[in-house]
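In what comes next, chain A is part of two complexes: it sits with chain B in the first one and with chain C in the second one.
What follows is the complex of A and B.
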């Protein structure tokens, strides 16, 4: 995941670096009244501007010395085109429009008006601006293990999200993860609506060796989950994982059912599950879910389908809640804790 | 459904309509608004760029045909290009055939399979379903529960791990059925072994149709996935699911463009009946606020028996409580009021918000109240005075306030119906305008 975005960001970054370089070269040449000087581009930043140098090497040397000692103010015009390219890149990577706007604005704010020694690497400057913008959006991550250790048991975790994002599978994966970490877990089969959902979760649970509390199809999910909490309390278990039926944020009655579940089982954590391949709608529904039942952390599933992962950025930007895990496959182990700093570093890895 | 895209597209067009001169700047502005609207709806970015470029060059370069002013000309180009984007509708014949379902995990294949079975069953065909999803626990329980509800035979075996074997046995067991739908496990394009499996399934079943099920919320990834599926088995139709959320389905539209197929159906709800045929003209008309009478009629024909009420009564001048009673009954069968209203050609006309607020529970209350009215009162609601109101309320176990509310609702509906008729002859009648356009394509 994020591999594709990384490639694209690299290109956009070079573009940005390139236009600043070009601007620098242009400013220089204008001042010196020398036509088309060679740009002192770092190898990673192929200037898109005037690069055809007709001068002798010694002349280029001279210009380079002159340039490296000058300071440059980056203006809005210099980065305009490159920024709109970055915008396209983000949009193509499924970062929703509002989040894209925010990132672009942040990068622009960070770049425009900056004094810069010509000698200072353009690349570093751009990377920094992007890094600040992305980290700003992605937040600081969420350590579930630590959370459970530091809170009163049982820790009750409620999973919410729209239909088909992979809540049930995720519940099973988290159950398996926690069990491996040495916690005792019970699962509440709160999806009493979809045909086959109870069978699905109980087969999963049986495979990973976790107890499931279930009622029959059509039962009140609040009651099921209340029972699951009761069970955990009386058996002194560490964690309750509460699965729920998928629901759309624009169905008022289903959302109030979710509110009721929340009232009844009083979860410590509400985890919002969405898929990495979702587009702009990710923003709308994350916002609505956060508004109605709240969300303390986000899990992004199906991250193996897509190397872009723009939805992560969109959702994080919209509700400002940390991304906890990424689902990356069909097996129980295919779940990765998410560390934003690492991901951003990887994204902007100076492999350029 | 599609409210967001629809309203931003309408806004963009309205802006154009408000311009005194349609010049280069106006076209540029329109194109920019369209781009934003489409990108927010998850239409593939490259596709949006192509589309907007086409609209721009055509608007500026093509001479408007005689008798059409520049504004109508531009509007027509937008309409045509958008229709081109969603391609043609896939032909669905009512004859013996095999349908293979393909799609990503969690896109709604199983639910859609059941809905399709129901759709063809209602059209009078003998349908059978094979559950070839051997991976997801509970998949067979899910499809067989749904099939049992509609009395469609369903073949599967949760113990068997070989999808090909199940399908082979299933085809044998269900050979009495005219139409067989094969539900498969979710997979994505990067899982080579699963892609191979669906290629094998396609060869084995000799499927007449290979339909790709796509979640309306799927983003830019849609084109890529569709391309891979298309390369593997040759997709000849797309089904967009979860259109009842707020997602705009732009990803699915991009998938259609990628596979050069068409949108076969749209899933828009959780019950087994929530499946609509797709018609590109109607879809775009609805997007642009021009109504989709064809879909409305199809729905009406399915939901309402001729003796119930004819749809034209809605449009007729005289509108009594009795008509409203029948309407409430009929509408109940047809689906949510807002959905129905969305199909009517109302252009930019706004309905009073209150019209939609009447939920189905309220409709039931209203019918009970109307049940305790006399025939005279139903025909001539003006008769109802305060003592009659008391009596009606008493008879229905309601309060006089509720009766008053009902009468208020009735008046609102009456006004709306009048408004609808009025809209048919207005100067800015979008529907007629568009008819003209489509005739000229």
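What follows is the complex of A and C.
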């Protein structure tokens, strides 16, 4: 997942580290050339590793001395170029501009300045700055299990989004996930518009062993979903998953239908579903949907086919709504709760 | 195999068919993007080779005009996230080549998924056919 972005971040991280090391080495050389009054004429020996008594210290040794024994001072100028490259890397990976700006500002804030006795490598310093920046823009995620456990049941979840992004399959995957977690679930077949949608969700529901409430094709989706809620209440079920027809935010009649659905079924959560491969388009569409009908969380499908990762990185920061799940394949189990720390560790190869 | 089972298999087949259709559309979009990037690379190389001379500029509908590019060395290129940056001709070509590689990698993944879906569809088709044959042999009406 997001292999392309991972490679690019690796290169950006090396570039940043290289810039800091070069600046540190330069500072060391200058310090030696102009010794301060009262300071010893000879440089202090490195604290760790073998001491080379005769030869001039190597580049790496100089840097090691600087960052383990003294303080490392990084100026804006030192990392300016490397940060510009990081900015390009993020934009090329389809990370939205506001998210890119936030990442760059955070990395700069964490790198520029004095680092006293850090006792760690420059790379670790850079990785940490990137980690903090990415975690900031990724937000805290959304723990659906916890949400269900702490709210009055049945928890009603309405799924919305544009056509062809895998919404119905996602509803089935989440049904399967929740069932495995021990919750009782009913699915409302609210996509009464698309030919075959009711059969599609019924087939899924049958395979995963979940009850589906359905009317005939062309029926009022509000009525179907109202029935699904009634069913859940009378059977004391934990969750109602409400599928709806795909629609674009600029189709007024379909959007007012969604408003009606919201009025009738009163969802606890409105979840926007789009595909990760759509990149920045997914972010823009999520923003528009949120403005029109509101959204509490986002699910991105087909993340396994997305090497750039732009949508996943920027969506939470850009629309201010957390990412809940990532769809990563065709099987029912191919859905991952979005855990920012894990994603960041994977992107920076810094996991345990 | 009873009628219900046959119906379920038909539904599975339809569901897989719809998914496969979406992946075929995605493959087509990726292929269009790839061809467009190749065409852009060719144009950028031709513009440099023209060395200030006229190049043919397609304006749609099969019509072209002769045009002189004021700065063939400088290219404005959309790098993603609706951001357009100025790059040198060479850097723009490198960027487009990288994009082509990304698109080819994505095409490979989508094609693999599509192959898996098709294999599953074939399997279901075989089971449906064998179900029909069994029903025919038993003198039932499968439909």
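Operating definition for what follows: the second predicted complex is superposed on the first by the 288 of 352 C-alpha atoms of A that agree within 3 Å, B and C clash if a C-alpha of one lies under 4 Å from a C-alpha of the other, contacts with A are read in each partner's own complex, and residues count from 1 in each chain.
Heads up, the rule we're going with is that a contact is a pair of C-beta atoms (placed from the backbone, for glycine too) under 8 Å apart; a residue touches a chain by one contact, two chains touch by 3 or more.
Being a predicted model, the structure only gives us computed values, none of them experimental.
Enquirer: Should the pairing of chain B and chain C on chain A count as a clash or a fit in the superposition?
Expert: Here chain B and chain C cannot both sit on chain A without a clash.
Enquirer: With both complexes superposed on chain A, which partner does A:199 reach: first (chain B), second (chain C), both or neither?
Expert: both
Enquirer: First (chain B), second (chain C), both or neither: which does A:290 touch?
Expert: Once the two structures are laid over each other on A, A:290 reaches no partner at all.
Enquirer: Touch check for A:311: first (chain B), second (chain C), both, or neither?
Expert: Touch partner of A:311: chain B, not chain C.
Enquirer: So in the superposed three-chain picture, is A:243 touching just chain B, just chain C, both, or none of them (first/second/both/neither)?
Expert: After superposing on A, A:243 lies clear of both chain B and chain C.
Enquirer: Once the two complexes are aligned on chain A, which partner has more residues of chain A within touching range, chain B or chain C?
Expert: Here the partner covering more residues of chain A is B.
Enquirer: After the superposition on A, what does A:93 contact: first (chain B), second (chain C), both or neither?
Expert: both
Enquirer: Choose the clashing stretch of chain B with respect to chain C from the list 19-27, 37-45, 307-315 or 415-423.
Expert: Superposition on chain A puts chain C right on top of 37-45.
Enquirer: Which chain A residues contact chain B in one complex and chain C in the other?
Expert: The answer is residues 88, 91-94, 96-97, 164, 166, 196, 199-200, 202-204, 277, 279-280, 304-306, 308, 310, 330 of chain A.
Enquirer: In their shared complex, at which residues does chain B touch chain A?
Expert: 36, 39-42, 45-46, 104-108, 110, 135-143, 145-146, 188-190, 215-222, 225, 241-242, 244-248, 250-251, 270
Enquirer: Residues of chain A touching chain B in their complex?
Expert: Going through chain A, the ones touching chain B are 88, 91-94, 96-97, 162-166, 193-204, 217, 248-251, 275, 277-282, 284-285, 288, 301-302, 304-306, 308, 310-311, 330.
Enquirer: Would you tell me which residues of chain A are touching chain C in their complex?
Expert: Residues of chain A touching chain C: 4, 88, 91-97, 100, 164, 166, 169, 196, 199-200, 202-204, 206, 277, 279-280, 304-308, 310, 314, 330.
Enquirer: So in the complex, which bits of chain C are touching chain A?
Expert: Touch residues, chain C against chain A: 8, 11-12, 14-15, 18-19, 22, 25-26, 79-83, 85, 95, 102, 105-106, 109-110, 113, 116-117.
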